[in-house]
Amino acid sequence: MIQPKLDRIPAGIGSLADFEALAHDRLDPGAFAYLMGGAGDGITRDRNRQSLDGLELVPRVLRSLAGGSTACTLFGSHLPHPVLMAPVGFLTVLHEAGEAGAAQAADATDTPMVLSTLSSTPLEEVAAAAPGPKWFQLYVQADRGLTRALVQRAEAAGYRAIVITADAPISGVRDAERRAGFRLPPTVTAANLPGGRALVAGQADRVEDPLGDILREAPTWEDVRSVCAMTRLPVLVKGILAPGDAETAIQSGAAGVVVSNHGGRTLDTAIPSIRALPRVAEAVAGRVPVLMDGGILRGTDVLKALALGATAVLVGRAWATAFAAAGPLGAAWALKVLVEEFAVAMALTGCRTLADIRPDLLETPRP
Amino acid sequence: MIQPKLDRIPAGIGSLADFEALAHDRLDPGAFAYLMGGAGDGITRDRNRQSLDGLELVPRVLRSLAGGSTACTLFGSHLPHPVLMAPVGFLTVLHEAGEAGAAQAADATDTPMVLSTLSSTPLEEVAAAAPGPKWFQLYVQADRGLTRALVQRAEAAGYRAIVITADAPISGVRDAERRAGFRLPPTVTAANLPGGRALVAGQADRVEDPLGDILREAPTWEDVRSVCAMTRLPVLVKGILAPGDAETAIQSGAAGVVVSNHGGRTLDTAIPSIRALPRVAEAVAGRVPVLMDGGILRGTDVLKALALGATAVLVGRAWATAFAAAGPLGAAWALKVLVEEFAVAMALTGCRTLADIRPDLLETPRP
Amino acid sequence: MIQPKLDRIPAGIGSLADFEALAHDRLDPGAFAYLMGGAGDGITRDRNRQSLDGLELVPRVLRSLAGGSTACTLFGSHLPHPVLMAPVGFLTVLHEAGEAGAAQAADATDTPMVLSTLSSTPLEEVAAAAPGPKWFQLYVQADRGLTRALVQRAEAAGYRAIVITADAPISGVRDAERRAGFRLPPTVTAANLPGGRALVAGQADRVEDPLGDILREAPTWEDVRSVCAMTRLPVLVKGILAPGDAETAIQSGAAGVVVSNHGGRTLDTAIPSIRALPRVAEAVAGRVPVLMDGGILRGTDVLKALALGATAVLVGRAWATAFAAAGPLGAAWALKVLVEEFAVAMALTGCRTLADIRPDLLETPRP
Amino acid sequence: MIQPKLDRIPAGIGSLADFEALAHDRLDPGAFAYLMGGAGDGITRDRNRQSLDGLELVPRVLRSLAGGSTACTLFGSHLPHPVLMAPVGFLTVLHEAGEAGAAQAADATDTPMVLSTLSSTPLEEVAAAAPGPKWFQLYVQADRGLTRALVQRAEAAGYRAIVITADAPISGVRDAERRAGFRLPPTVTAANLPGGRALVAGQADRVEDPLGDILREAPTWEDVRSVCAMTRLPVLVKGILAPGDAETAIQSGAAGVVVSNHGGRTLDTAIPSIRALPRVAEAVAGRVPVLMDGGILRGTDVLKALALGATAVLVGRAWATAFAAAGPLGAAWALKVLVEEFAVAMALTGCRTLADIRPDLLETPRP
């Protein structure tokens, strides 16, 4: 039986991971598979976490930490901490508060939110519901005019960056959702798109000819150049795992890259994000910010990503499980605790500011 | 209690692996041991899968995929995809539709079938039941005249290649079958052989002097040369794991080699196929096609084998479990989904055609 | 239901590890979490043990062992064995015999005890209860005058060394204690501190601004220099994992260092102690003794630590679990068996004295 | 409830490992701990097996195997296979047929038996019960005159080699036996020793001063030289893991060495035998035979040991579990199947004789 959503954080909660079980009991099996499922056998999803746990820290002690801070600067904006909310589609599947509620959790924790193209709430309404900094995640649409319209609407609504998702030209092998028989509830639509219709991962029936019709319209680097030309906002490319693709992104005008395997939701056995990060960071060589997502669940994970070259991290399931269990309150709790843990990890490794977080904090800098 | 065979694919099926449990419930324990058991402790059988899962992909994004295709060419024939059905003996043990039914599943999915010498249906009947391309797997018989007759019958019946199995001069240590007390049902015979009699793996009682009588008649490289001389068909040697043996196969006239450990059914702790593949491919250096089998269960597995030098792959348990559970319909479903997954994996790694599948897709090219 | 404490060692006990279950049944869940819990997910706590188990010994045989001994010298004192009791706070949480009882177990086994600043018994009373050699573990207090008073009291009471804990400027992420709702019982106080009040790990509510107020008062290397100047006792710095910090400790006047990750209780995924040890020992290069704690539970663990450069080891949970189950008798049993196992390990590896314990006893000298 | 011993091999038995469960049900817990227990946490016992399983074979195919054989020569004697029965003490604890019954199983399978000093039957009676080739395992006695008498009795009774156990100068940490409360039954004595008294592993109460009294009498290399001088038989030293000790053994007159960690029964976390073997074999460089024991349970294990430099292997638990369950019949069955599996492994890797078993059969020659 599905339990009612929580209206407070239970006493026994120790860390963000504890919310997975709470979300499990408060979502129908399909929605839970949508939230937690990985592509295929979930190997990349699991290895995202395992690879982070596998990295070992070599702390420095007794350094002065007076005046320490987790603050950073990104695209000219000051941020109190280097954690952003990764785009998660159709948030009303997880909690009735939807994208507007998630945006309020973001504001409550000074966390920039990256809103998905596949929002169940129009991007303008989300912006209106919470005034904090927001970015817009862009799925390039088969209709390139529609793509342009989305970018223009986001810019007009005050979104501060465009994040083009590059790693999902086609839905992955979403066995978990298929087994659970996940379908979007009829009340949930892609509110940013005409008619509310989207071809969503796990949603379509099996594709008959994957290398045929659909991929003829798939986004390419030309789309990156085109989006860069149509907006004054910084444009990031999300889903970079190969160093050469980071180079191409910069050459195509990208103002940043996001190392990501889509949370293990598209291509199973893709390399874990944290293992791809140092090589991408090396190729980028500081020319643009390198963000990263995939498995971040602990403050030490944030520290490790920064030590390996990330400017900031995005987190998805880390807050979305708490959101599914306890709505905006849960999401805010999760983000707050994650940042607190990060500050503790800085203190315990002798890092006063983000500039002190260097590769030699890790026993194995190139895992 | 053994459940009745399925006549449709159940709704909850997510991937090929899900059929193992369905087959388990629809076969008697002996037949299930025959289907799934590995030699000894099943270590090589399991490592075939684990080694594939252990390989990590580094996808490329935003490349143009328009006009993409999974097509390939093998021995002058155009194939819509690089997946073949590996030989599996005595298919009527698994499903009453037998080899003819399996051949129809092959045709339905444009998959060449490699028929086993130990077919429970005469090779001519199988060819008549389904007109698609077929190869013939050859166990060299103690009576070399009988060997010649088998080759001639296969050629006459339209089979397009001969695959000599080299890695089973003697039955392996088939503990699983022995524990389950597997015996061929009396109605099942080796229909290609005189009197329907064959010395089948797991079937004979313990061999008293394995290095004595039996091995005196075991096949040698001389038999490869002899078979090459007796037919115009391309002859492949299956069961190659050592690079030097690939060289000898080519010197002996083989038109191709199959990297294989017999699905882990003969020598336990033999090296996993995917780990042996790159060295064999390096030794072959493109002179003949290199095929591979052993553990392929996912589209990404096909991609990995091709990235490491395979021209095509053979799959056995991947369709045979579905065949055991749901007959020809199951086998066809499994093969279709495997090829679809392969196409999705190509799309998600930026491969438009098979020529784009290169070793640098893998984090560790030499696993 | 919580079982009564044991007044004898049960017949079935095989080794120190067996006491964990006995302690589990004799402590309330919060106290057990305080005893056994690690920071975060307990990864470092577990890896401390796993890394020791992973080291493999290459014994030498048939050497003369006549006149062998486990004796060693530390800061000019003769010790019958190189094992010390690590500081454990608030022992009355574990057993009513408290620190005085633990000190008597130390004396019974000729083991120097390191008393925690956070003792629930005044340091003078502990010294009076058992005359054996004792060291004092120092948490630098926000009030530096109080720090000085603690050092002077310890020196006056006959403690023979000061061990400054460097790796806990702030409480770690103590999820296990938080989940179990651990709170110090009202009868337990920090008896060495004015008003019995201490900010104890896991005890405080979530810290709001970890890099702010609290850390302004955190200890630094200046405190090490200051403590060294205020006492004639040898001063050790505990919590060293980075070789560079060992160098700084020596430069700051430390007479020894303790390689430690605080039993995995502060920073999860910190490097296991035994893996950090050889590099620290190399940096120290024999200038001062290098001690080590973290996961020691077997005589072979002691042997391995010494082979990798430790002069002596500290053990915490190894005796504290037995203390929690069976009081001073349990602690004494555990220490006695640990030393016996160590002697057996020396004999079985051909080591007559500690000088024979060299890195080549280990298959992988640098794990 | 303890089940009666078997008088036939059950139908469901697939391999030697299956006997462990049968023995478990037919021995009291103490005797089972004596049979299967390892020192400490059983890590070395388990790793003996895991290291063998971890080695991967690269078979060669289609070589001529006509006239193949498992025969070998050892100390001038022809043996039909390179497997010996390792010494196991007090066999009447396992089965009433005792050492005489085990010796008959040895004869039935042409297996040389190494009789333990701690036999529960006098060595002369064992020799009389079964005429096949036998070696005598020697525990050097505190009374060196008694040592000499044992050697002379063995030589007089027709034993063909003396195997000095070097790796047990003191009983290991036998937690499993201690937990199970194992005690030798009163009817079982050390029949080769005056008064039937022996200080048996796991039997003595905790040793008070392991590096003291007992070790004053422990065997040294001088004893090896002394035994070599007192007999015309070849003398082997058993328990060698360090290459340097192999050199010393040869310098001391040994005619062979046995790479062994005593089945993991003395020093836990000692290096697995198969991992120590190649380095010892390299040091010995063919000057004397190198035997090996530890974890051999499969024909492929024998093959791997020979590939890494062993001339022959000893097996203990491999037959002793079967002996405990089914007496001499069980032991004979186990030895017969092991040799059959070895022959099959030779055939499947293309080895006609033992000379063909070379390191390149292994994927990782130096594991």
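Letters A, B, C and D mark the chains as written, and numbering starts fresh at 1 in each.
In this text, a contact is a pair of C-beta atoms (placed from the backbone, for glycine too) under 8 Å apart; a residue touches a chain by one contact, two chains touch by 3 or more.
Since this is a predicted model, take the numbers as computed values, not measurements.
**Q** Taking all residue numbers used at the chain C/chain D interface, answer same if over half belong to both copies and different if under half do.
**A** different
**Q** Nearest 5 degrees is plenty: how much rotation brings the CA atoms of chain B onto those of chain D?
**A** To bring chain B onto chain D, one rotates by 90 degrees.
**Q** State the chain with the largest centre-to-centre distance from chain D, centres being mean CA positions.
**A** Here the answer is chain A, farthest from chain D.
**Q** Could you put a whole-Å number on the gap between the CA centroids of chain C and chain D?
**A** Spacing between the chain centres: roughly 41 Å.
**Q** Rounded to the nearest whole Å, what is the centre-to-centre distance of chain A and chain D, using the mean of the C-alpha atoms as each centre?
**A** 58
**Q** On chain C, where are the residues touching two or more other chains?
**A** In chain C, no residue touches two or more other chains.
**Q** Show me, using the given definition of touch, all chain pairs that touch one another.
**A** Per the contact definition above, the touching pairs are A-B, A-C, B-D, C-D.
**Q** So in the complex, which bits of chain D are touching chain B?
**A** Answer in residue numbers: 11-15, 17-18, 53, 55-70, 298-300, 337, 340-341, 343-349, 352, 363.
**Q** Could you list, by residue number, the parts of chain B that touch chain D in their complex?
**A** Chain B residues touching chain D: 40-41, 43, 47, 166-173, 175-176, 178-179, 181, 206-207, 209-212, 215-216, 218-221, 223-224, 237, 239-242, 244-245, 248, 266-272, 275-276.
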